[in-house]
Amino acid sequence: MSIVAGCDVGSLTAKAVIMKNGKIIGSHIIKSKPRPKDSADAALEGALSAAGVSKADIAYCIGTGYGREKIDFVNEVVSEITCHGKGARWMLPTAETVIDIGGQDCKTMKLDKDGNVDRFAANDKCASGTGRFLEVMAKVLHIDIDELGKLSAKAKNPITLASTCTVWAQADVIKYINSGVSIEDIGAGVNTAMAVRVAILVNAVKPEGDIFMTGGVAKNIGVLETLEKLIGKRIKRSRKADPQMAGAIGAALLSMEKIDGSGNNRLK
Amino acid sequence: MRPEIEEYHYDWLMGNTLKASAILPLGTKKETELAYRYVPYYKNVVKSFIDAGDPGVQTLVMLAKYYENILTAKARGKKIAATTFCNSPVILYAMDIVPVTFEILTAVGAMVWKRGMFDYMDFCCEVGMPETSCSSQRGALGAVLAGLCEQIDMIICDTPGVCDTNANAFAFASAYMDKPFFQLNYPSSIGDNRSQQYHIDDYKEMIKFAEQHSGNKLDYDRLAQVLAEVDKQDAMIADLEDMLMLKPTPVPPLFNLALYAGRFCFSGHPQYTTLLESMVASAKQNAEAGISGLKNREEKLRVFMCYIDHYTVDVNFYNYLEERGIVHVGSILTRNFRDNTPYAKEMPGSTYGVDTSTPEAMLDTIAQMNARLPMVRSIRGPYDKKGMWLEESLVCAKMYQADCLIYNGTPGCRNTWGMVKPFARDIEKHGYPCHIMYDDAFDDRVESWEATRERLDEFFKIRGLL
Amino acid sequence: MTVFHDAATRVECDSIARWKKDGKPVVGYTCSYTPAEIFYAVDILPVRLRGIETDGMEVGDSYFGPFICSFPKCILQLAGKGRFSFLDGAIITPGCDGMRRLDECWRKAGEDFEGIVPDYFYYFDVPHKSENHGMAWYIEEINQLIKSVEDHFNVNITNEKLQAAIREFNKGRRLLNEIERLRCEKDVVVSGTDVFAAAVAGTVMPRDEYTAELKKWVSALKKRKTSLSEGKHRVMLVGSISDEIDLFELIENTQKALIVGENLCFGIRYEGNEIAEDGDPIEALAGHYLGSSVCPRMYGKYKERLAMLKERIGQSRAEGVIMQNIRFCDLHGAENALFERDLEAMGIPCLRVEREYGPHIDIGRMKLRINAFLERIEGRKKANKGDGDET
Amino acid sequence: MKVAGCDIGSLTAKAVIMENGNIISQAVMRAKARPSESAIDVMQMALDKANLARDDIGYIVGTGYGREQIPFVDQVESEISCHAKGAWRIMPSVRMIIDIGGQDAKATRLDDSGNVARYIYNDKCASGTGRFLEIMGEALEVPLEKLGELAAKSMEKLSISNQCVIFAETEVVSLVNEGKETADILNALHHSLAKRVASLARSIDVRQDVVMTGGVAKNAGVFSALSEALGLPLKALDGVDPQIMGALGAALYAEEKVQERQKAL
């Protein structure tokens, strides 16, 4: 069976996945560089060396993400909405509703029985429903982005935040810091503001069946758990892979479908 | 929407909360203090009202009655009409239809609830209302669309020509729930024969619509009674307005809120008369003693809110004014354009009179009255045209001896945000410092109250006002 | 076609320049409720005001507040930069709140920037209802407008002149309708971008010149054989006001979609019905502009608009509908949500996006949504076929 | 007597020490998580430079976002007042001050006696801040100090229209993708920021002379773009770092207070 690849060049991170026989044999994630082409090359390079194969071994490669049009080694490009849907179904074979929050965008999609995206809604309103919002806030709080999620559980009296605008939320956060509110309470407020915004989008597509979350923000446990409360449903976890890789995985699966019709994604 | 929120019938929840708070002061002072402990979440707001004395308590009673009226409507075989605060409920009371005014429900929720109306506002966005639309409708509308309120039978709105986002919210509600819809429409001018006639023609059609969908015929005797009550109320409002002009003014800031809340809830209804009587009596007492209506009795500054007030949790805004010794000389919502009020005399064509001699005269009265409700009157046309926002604000500022003007609204207010910058510039040219608040009167997630307060303090300090 | 593209993509296009050179006046207007025939009847060129070609918002933002749709802001920006210096007059209507505040903002900007307010500046008060007294009000508004134009420009607007103008405009309307019929064919020979450019051009070009150009183009189109719709998804574009050719291009440049119809404020929707050529011309104009309007500003007419959209979707065989609204445009934002709910329930895929009006439409974000939407339509087609094979 | 001003901003902390109307020491540093920490550190820096101890300072005024958290100040004043006072002292012909800091932009108009006549902050959803340039600098991998310099090398005119910091970043990314030169993109960013700020100033009526204060004033690219957007020459405040204007104003408030006290004695 052939080796395939998927490459997802996002606004904040670039990811590449190499698959063989429906299994991941190598993957790599890096912070995006100014030129998407460079990001793609570096991510693929990393994944190739992790898998111990060379570029020539790749039978087919699909590119996705914001920078998809600029990747020169791919055979085809597909939008990340479709790819995240595919990837999510692979990671959680029962997934029907997928929430993907990346750096610039937040989307919710419903999958049909074949793992194709049936309906989706994307956040156009404002950057405050995106991973970038969390990053800006983490910076203001002088903490690491992986720390932010954990604050929710530690908060005693979370603040309510201007969830409508990153710029103004930032001003508010600074005010709270200045008035001596604990970092935990502020962090929890930040995560909640984000979750509220995402919940509106999720509820707009009327979630059904198993829900799964992809994209970097899926790793923020505070957002995830608050979101569960807001939509009143559990979001399923999967240990199969890093949810941030879902787009790249989806792209690789589509590559596989392309060459041998496998990668079948029927709802199990 | 959070699943636990969906468990509660909104009107019922709010109605009972208000009912409970309205009976709190019936006990002894000590009992009341004790009872506060059991209502940690709305203690502050209830306390603010109760501390305002009998008028405050009357306001609570009135709000409780308003909800009771809604909650018992179906059992009493009455129809419910959703409407907006720019539309006077007078005609609905005269026709025995129960009004549900979205903005009142939203404001009450925002004041009383710790989480404000956020969940309902967001629910509106979930079903597709733009989140940039006005929050004053979005709150209550969310609860209605989620089916957490008494079923509405028809929708009557009067903001086409005045405010898009408002009219649009009602049009959306009607399409979403498939309910009969009527819009009163206002041209951009006021006071000339042509627009006067338009108001009357339009109003008559509205009555036809209400008759058709409620099954009740307009009873002119009853209308005469209601208008007589309005007449009484107008006289008392004029008294309050007179006292507001005194320096120091004997009228506490919170009375402004009560004044217009009463008009929106119960104009032409004895319930509002009771509230007004209580307010007038209380203010008169202060006036006779020559003291300020502020709690600490020291008037430091007089502010005219050229638009609306701020309503989020615990009536923070009014308490802030009290704390800082600031007098509130009214907002666009407090003004009543009855022909005998002094400020109205400076603005010919802007007023209405009450004439109950014939059915036709009554219809004219009520149509003209409706055309002079807040917003409908002053922001329908270009702000600098005769009788519009600028003129009104300047006349009021002068008459009530305001030291400065403050604009507060909601980001959803397309209408005023479209012109507030040039407006503020013009106001400043007339020598009044003018502050534009960038928050949302009903949603403190847009700007936290702390931040809002800081900006206010900064304004007062930098402009040498406090 | 080039003349249409020129007219559609430049504020002061060649046709306007030529008209000005002849020393004839030009009047701008902002909303499709303004009866342009009134001006054309007396050799004044009516030009629909647009916000293209802005490259900043410093003037727009100085007067308008932050929560206002970028379309009127762009118009103010152009005005402030003197780009509308060719105007001899401007008509402001209370189309929507943002647009009606253009009245104050433009006049106030005129206090700071000399000479940017045309000598003739008129507020045309269009009502929000078309029945009875609403219609009567509008007719009176038209009469007053006519009187005021006569006084200012020293002209005489007679019924005969009005009827002649109506006849000229109708010619264009009929031709555009012919194009609409071509777009309903199985094989469509014309791109949405071109049709839209032609429609937009109609709002700025002198009408006789326009009719002549359109006539040539339509007969050329009728001879065309190559299908542009083959292998592409047929979509409709609806929602907030748009005169942006690049928005159409963005969609059609995916090479996967062809726009076969639109319901946009610039565009063919208003050209649809012709105006009665006999009888009282003022009543005829009023009946057309106010009576058969399809803008959500009229409130409470959602069902009619949905029915119209459904019909258009059916006729044009559209496979999906792209709904856009400019941020802070509540009217279309809310209506799009209702359309989406009802059309999806009928099995018609919909995409709802919010965006900014202006020079750089958010290309990356828009493209992603459009591509994903086309992939969705594609997936659905495949699935339908697949299921068919099994049985 | 020595007095001091301490300005704790969103991105930087600044301190100025004065004696007899002259600046004898000044310090600027990156803000820490806690404003109180920043305040203590930046004050110490300034004291160290002048070889002084805290007790040598007679009166300290605090300003900036974190002003309420500074543990050692005798009085606080808003940034608007402080920037106004600072600029007025240095150039009495000033009638308008445009202060662009990390968190927001403000325009302040003064009357003929140096009092604040009107002021305005950047609107919601606006990107006229130093943070905007920083984020963009990061995305383009250009250090802050080099932004203006590089922008000056621009050859092609581009435009960036998005108001939102976050979405403007996407726009920048797509310009990079199109192969546009970094200098041209930067230049466009500077102009976009300048235009936004110009509209702020214009909405409260521009009066000459106009000066620029705050950290972003150090960026020559913004300085010239703003002159262009306003259509009038911006004046430079000679001899002082515009970034310390707030702290300077605060110190001047302190000086006034001390003089008042001395008079009273």
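For clarity, chains are labelled A, B, C and D in written order, and residue numbers in each chain start from 1.
Just so it is clear, a residue touches a chain if its C-beta (ideal position, glycine included) is under 8 Å from a C-beta of that chain, and two chains touch if they have at least 3 such contacts.
What you see is a predicted model, and the numbers here were worked out from it, not measured in a lab.
Farthest from chain D in terms of Cα centroid separation is C.
Chain A and chain C have centres, each the mean of its CA atoms, that are 38 Å apart. With centres taken as mean Cα positions, chain B sits 45 Å from chain A. One simple way to say how far apart two chains are is to compare their mean CA positions; for chain A and chain D this gives 37 Å. In chain A, the positions touching at least two other chains are 66, 104, 125, 164, 168, 171, 175, 179. Counting only residues that touch two or more partner chains, chain D has 123-126, 167, 170, 173, 203.
The multi-chain contact residues of chain C, meaning those touching 2 or more other chains, are 62-63, 65-67, 327, 354, 364-365.
Contact topology of the protein chains: fully connected, every pair of chains touching. Residues 55-63, 65-67, 112, 356, 358-360, 362-365 of chain C are the ones that touch chain D when the two sit in their complex. The touching residues of chain D, when paired with chain B in their complex, are 78, 80-81, 115-116, 118-121, 123-124, 203-205.
Those residues of chain C lying in contact with chain B across their complex are 62-69, 72, 94, 96-98, 100-101, 103-105, 108, 123, 125, 127-129, 132-134, 137, 140, 296-297, 299-300, 302-303, 325, 327-331, 333-338, 340-341, 354.
Those residues of chain B whose C-beta lies close enough to touch chain A in the complex are 1-4, 115, 118, 122-123, 125-128, 131-132, 411, 444-448, 450-451, 454. Interface of chain A with chain C (complex): residues 66, 78-82, 104-105, 112, 114, 116-122, 124-125.
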